[in-house]
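The same chain A turns up in both complexes below, where it pairs with chain B and then with chain C.
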Partner chain A sequence: MKYQSQAVAKPYFIAAIGLFLGQILFGLIMGLQYVVGDYLFPAIPFNVARMVHTNLLIVWLLFGFMGAAYYLIPEEAERELFSPKLALAMFWIFLVAGAATILGYLLVPYATLAEMTGNNILATMGREFLEQPLPTKVGIVIVALAMLFNLSMTVLKGRKTAINLVLLLGLWGLAIFFLFSFYNPANLVKDKFYWWWVVHLWVEGVWELIMGAMLAFVLIKVTGVDREVIEKWLYIIIAMALISGLIGTGHHYYWIGTPEYWQWWGSVFSAMEPIPFFMMTLFAFNMVNRRRREHPNQAAVLWALGTGVMAFLGAGVWGFLHTLAPVNFYTHGSQITAAHGHMAFYGAYALVVLTMISYTMPILRGREANSRKAQVVEMWAFWLMTIAMVFITLFLTAAGILQIWLQRIAAEPMGFMAAQDQVALFYWMREITGLVFFTGLVLYIVSFFIKGEEARAS
Partner chain B sequence: MNPVPRRISPAVLAEVLYLVNLLLAPGLAFLALLVLFRRHRASADALTRIHVRQSFAASVVAGMLLVVVPGLIALTGDLSRPGIWTLLLLYFVSCHAGLVMLGVLALARALAGKPCAYPLPGALR
Partner chain C sequence: MNIAATLPASHDQPRTLPGDLAIWFFIFAELLVFGVFFLAYAFARARNVELFDASQLQLDRISGAINTALLISSSYFVVRAVDRIRHGASHACAGWLVAAMTLGGAFLVLKLTEFAGKFAAGITMSTNTFFMFYIGLGFFHFMHVVLGMIILGWVAHKAWRGGYSAANHAGVETGASYWHMVDLVWIVLFPLIYVMH
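Take a look at the complex of A and B:
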């Protein structure tokens, strides 16, 4: 690596992978609970498994983003990180707070946890994805602000590039929009309205900036294409992401009690949301086609291309599938949403973090690329996880279509649980493909321990 | 590395029209692609010839896969059964997404000044 302080990225990446493993384990537990309702009950009730699954996702992605930023920013700014010690201190604070929170979910009844952690002082708990106790939320803000201070000082004193500025903008946006998790109005409509300012404006807004910057960084490194070309693409992609994504928030406002005009605004703007993902795919493949070098880390190239494709399919296509108000009238809150959520999170954010890890980890371990043998195992991991995710999405989509028909279209609509019984076959198939995904993840972890001669550029 | 064309070449235009036919203006974009195909199918420039012929043939196959096959499912299946709808929608969404993805890959190749080959039966080489 070019700068010693980039090494602080390593523990962040290791923690991210560990938490990713935990997320998948709880996903498997929950997947089984869909069909075997009392599995692990009362030790791990479904609502707790779900909370752990989704919270671990968010936390490992945040670890990944932070690690990636600590690696990327010094290299782009062409100077050492402002304070590596601060970055390491924040790592331990975040890890301990994250682990304590997950243990709290698992060991203490949620209502008791709320009482113990000051939810009566400022009520912020009980909302999907933002279930974290108040001290954890405060901890996230402290860690994020310390990181932003550290990274911003590095950029201010160093070279400013489109990539590090877009990444910083995305990270600042991440921190700012998280502040809405502290605003919890009693009015349920207002509550949901602002809740989406965290959830939607993260994943369909500022996170796309982070993703675009990370993808651009890796593509410059592995293709050798001129920075100017890649930066032009990046500008257009982030412009489209913000133009479509900000007002696209309206697709969450269709049925929550907000004015009817949101059905138009939401439909029109979110119909444009696939555009940045479409462009990212085109961008990634175009850059690889125009490459000036054969980088020895072919696994990183594969992860980068996979990010483009899977983000477009998961976030773009499966998002568009149910985003128009007349369609969403039938599909909202069904397994179609779950199908979209799984592939979009995997394609856009899990894969981009894994792309960064794949590119940077060999360098952090003192070589440009891993051995061919290790890369082959890593590529197997990519294909197993990606194909499994495609099938998970297809099975959930099938379950969703059937569920909608039975619950919302049939002449004599079924109740929710009766319809769930009818789609159990798809849940079983999803669970089996989940095991394939898990196998891929285990192989991915194994690939870090495979030794051999460093791969060279062909 | 092949030189990157400065203006929109017929090769790029052909791939764009293939995608527009799938995403924005089905039929209309196909007619424009047909005109382009007739004009450039025997072009002396191999890159133009390959992209124009490939994208036109792929559009025809895509039309079959997205219109004829769902039509057959709808005609032969009992549309009052939810299973048929599940099959129909799943097929259409997956097939359409796959065809769009092939178009993106082909467009990326055209933009980079490289030939492409759609992995579809009947595609003109």
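Take a look at the complex of A and C:
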């Protein structure tokens, strides 16, 4: 690596992969609970498994983003990180806080956890994805602010490029919008309204900036295409992401008690949201086709191309599928949402973090690329996880269509649980595919331990 | 001075896109959003012609017409500004841009007065579908005028300080292109929402 301080990225990436493994294990547990309702009850009830599954996802992606930022910012700014010690301290604080939170979920009832952690002082708990106890939320803010201070100081004193500025903007946005997790009005409509300012404005707003910057960084490195070309793409992509994504929040405001005009605004703007993702696909393939060098790390190129395609399919196509108000009237909160959630998170955010890890990890370990053998295993991991995710999405989509028909459209609509029974076959198939995904993940981890001679540019 | 650049574009010469390519992506994206909204308006109106016609009568067409004149004139001023910089006249270019921004400012004042009148009459986006479009689209376009003025202001400032020349003035063309888009959208929006019955 070019700068010593980039090494702080390594523990972040290792933690990210570890938590990713945890996320998938809990996904498998919960997937089984869909069809075997009392599996592991009362030790791990469904609601707890779900909370752990989604919270681990968020936390490992945050670890990934942070690690990526600590690697990327010094290289782009062309100077050492302002304070590597601060970055390492934050790593341990975040890891301990994250682990304690997950243990809290698993070991004590949620209500007890709330009592123990001062939820009576400022009630922030009990909301989907934002279940973290108050001290954890405060911890996230401290870690994020310390990171932003560290990175901003580095950029202020160093070279400013489109990539590091877009990344910083995205990370600042991430921290700022998270503050809405502390606002928990008693009015349920307002509560949901601002809850989306964290959830939607993260994944369909500022995270897209982070993703765009990371993808652009890796593409510059592995293709050798001119920075000017890549930066122009990046600008257009983030402009499109913000134009469509900000007001696109309206697609969550159709049926929660907000004014009716959101059905128009949400539909029109969110219908544009696939555009930036489609541009990312074009971007990745175009840059790779115009490459001016053969980078020895072919696995990283594969992950980057995979990000382009899967982000467009998962976030773009599966998002558009149910974003228009007249369609969403039937589909909201069904397995269609779950299908979209799975492929979008995997395609956009899991894959972009894995792209970054794939490119940087060999360098952090002192070589430009892993051995041919290790890369082959890594690529197998890519295909297994990606194909498994495609099928998980398809099965959930099938389950969703059937569920909506039985529960909301049929002449004599069924109750929720009765409809769930009817789609059990798809849940079984999803669970089996989940095992394939898990196998892919294990292979991925194994690939880090395969030795051999460093691959050279062909 | 580059003589070729000072000559008016002839139709025999190969024509290139004025300004930065990136702004054209941006312009197309904006037109797409407005286009979808215009289509949505058309469909919503077709399903409820009477309500739309009755609500439309409450609009101030004179104010809308003046605003149309203001924006078209401002677009002409922007054309003059581009022409001036092609001749290397930086200060004249900045002057025309400021004139265009002044008309843009007048548009905003008039539009705000119009909105204030509607709000005073108790009309909001929730009154009915017509007013949802009138206020929503009007406000969305309003914000584009504001953004357009910021861009023109930036360009005018740079032009005044001699940042452009007859040979190198892509920035002026970029700003001008965006401003024409803002004007163009209004030219569709005005007849569609204020006039067409």
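Miscellaneous remarks
Following the convention adopted for this analysis, the second predicted complex is superposed on the first by the 458 of 458 C-alpha atoms of A that agree within 3 Å, B and C clash if a C-alpha of one lies under 4 Å from a C-alpha of the other, contacts with A are read in each partner's own complex, and residues count from 1 in each chain.
Heads up, the rule we're going with is that contacts are C-beta pairs under 8 Å (C-beta built on N, C-alpha and C of every residue); 3 or more make two chains touch, one makes a residue touch a chain.
What you see is a predicted model, and the numbers here were worked out from it, not measured in a lab.
When both complexes are overlaid on chain A, chain B and chain C end up sitting side by side without clashing.
Within the superposed three-chain model, A:451 lies out of touch with both chain B and chain C [touch as defined at top].
Once chain A of one complex is fitted onto chain A of the other, the partner contacts of A:240 are limited to chain C, with no touch recorded for chain B. When the two structures are aligned on the shared chain, A:402 is found in touch with chain B, with no touch to chain C.
When the two complexes are overlaid, the chain among chain B and chain C that reaches more residues of chain A is B.
Seen from the Cα centre of chain A, chain B and chain C lie 60° apart once the structures are superposed, a value rounded to the nearest 10. When both complexes are overlaid on chain A, the residue A:313 reaches chain B alone and has no touch with chain C.
Nearest C-alpha atoms belonging to chain B and chain C sit 9 Å apart in the superposition, given in whole angstrom.
If you check the complex, the residues on chain A that touch chain B are 278, 281-282, 285-286, 289-292, 309, 312-313, 317, 321, 394, 397-398, 401-402, 405-406, 410.
Per the touch definition, chain C reaches chain A in the complex via residues 21-22, 25-26, 29-30, 32-33, 36-37, 40, 125-126, 132-133, 136.
Interface residues of chain A, counted against chain C in their complex, comprise 232, 235-236, 239-240, 243, 259-261, 264-265, 267-269, 271-272, 275.
Residues 1, 4, 82-83, 85-86, 89-90, 93-94, 96-97, 100-101, 104-105, 107-109, 111-112, 114 of chain B touch chain A in their complex.
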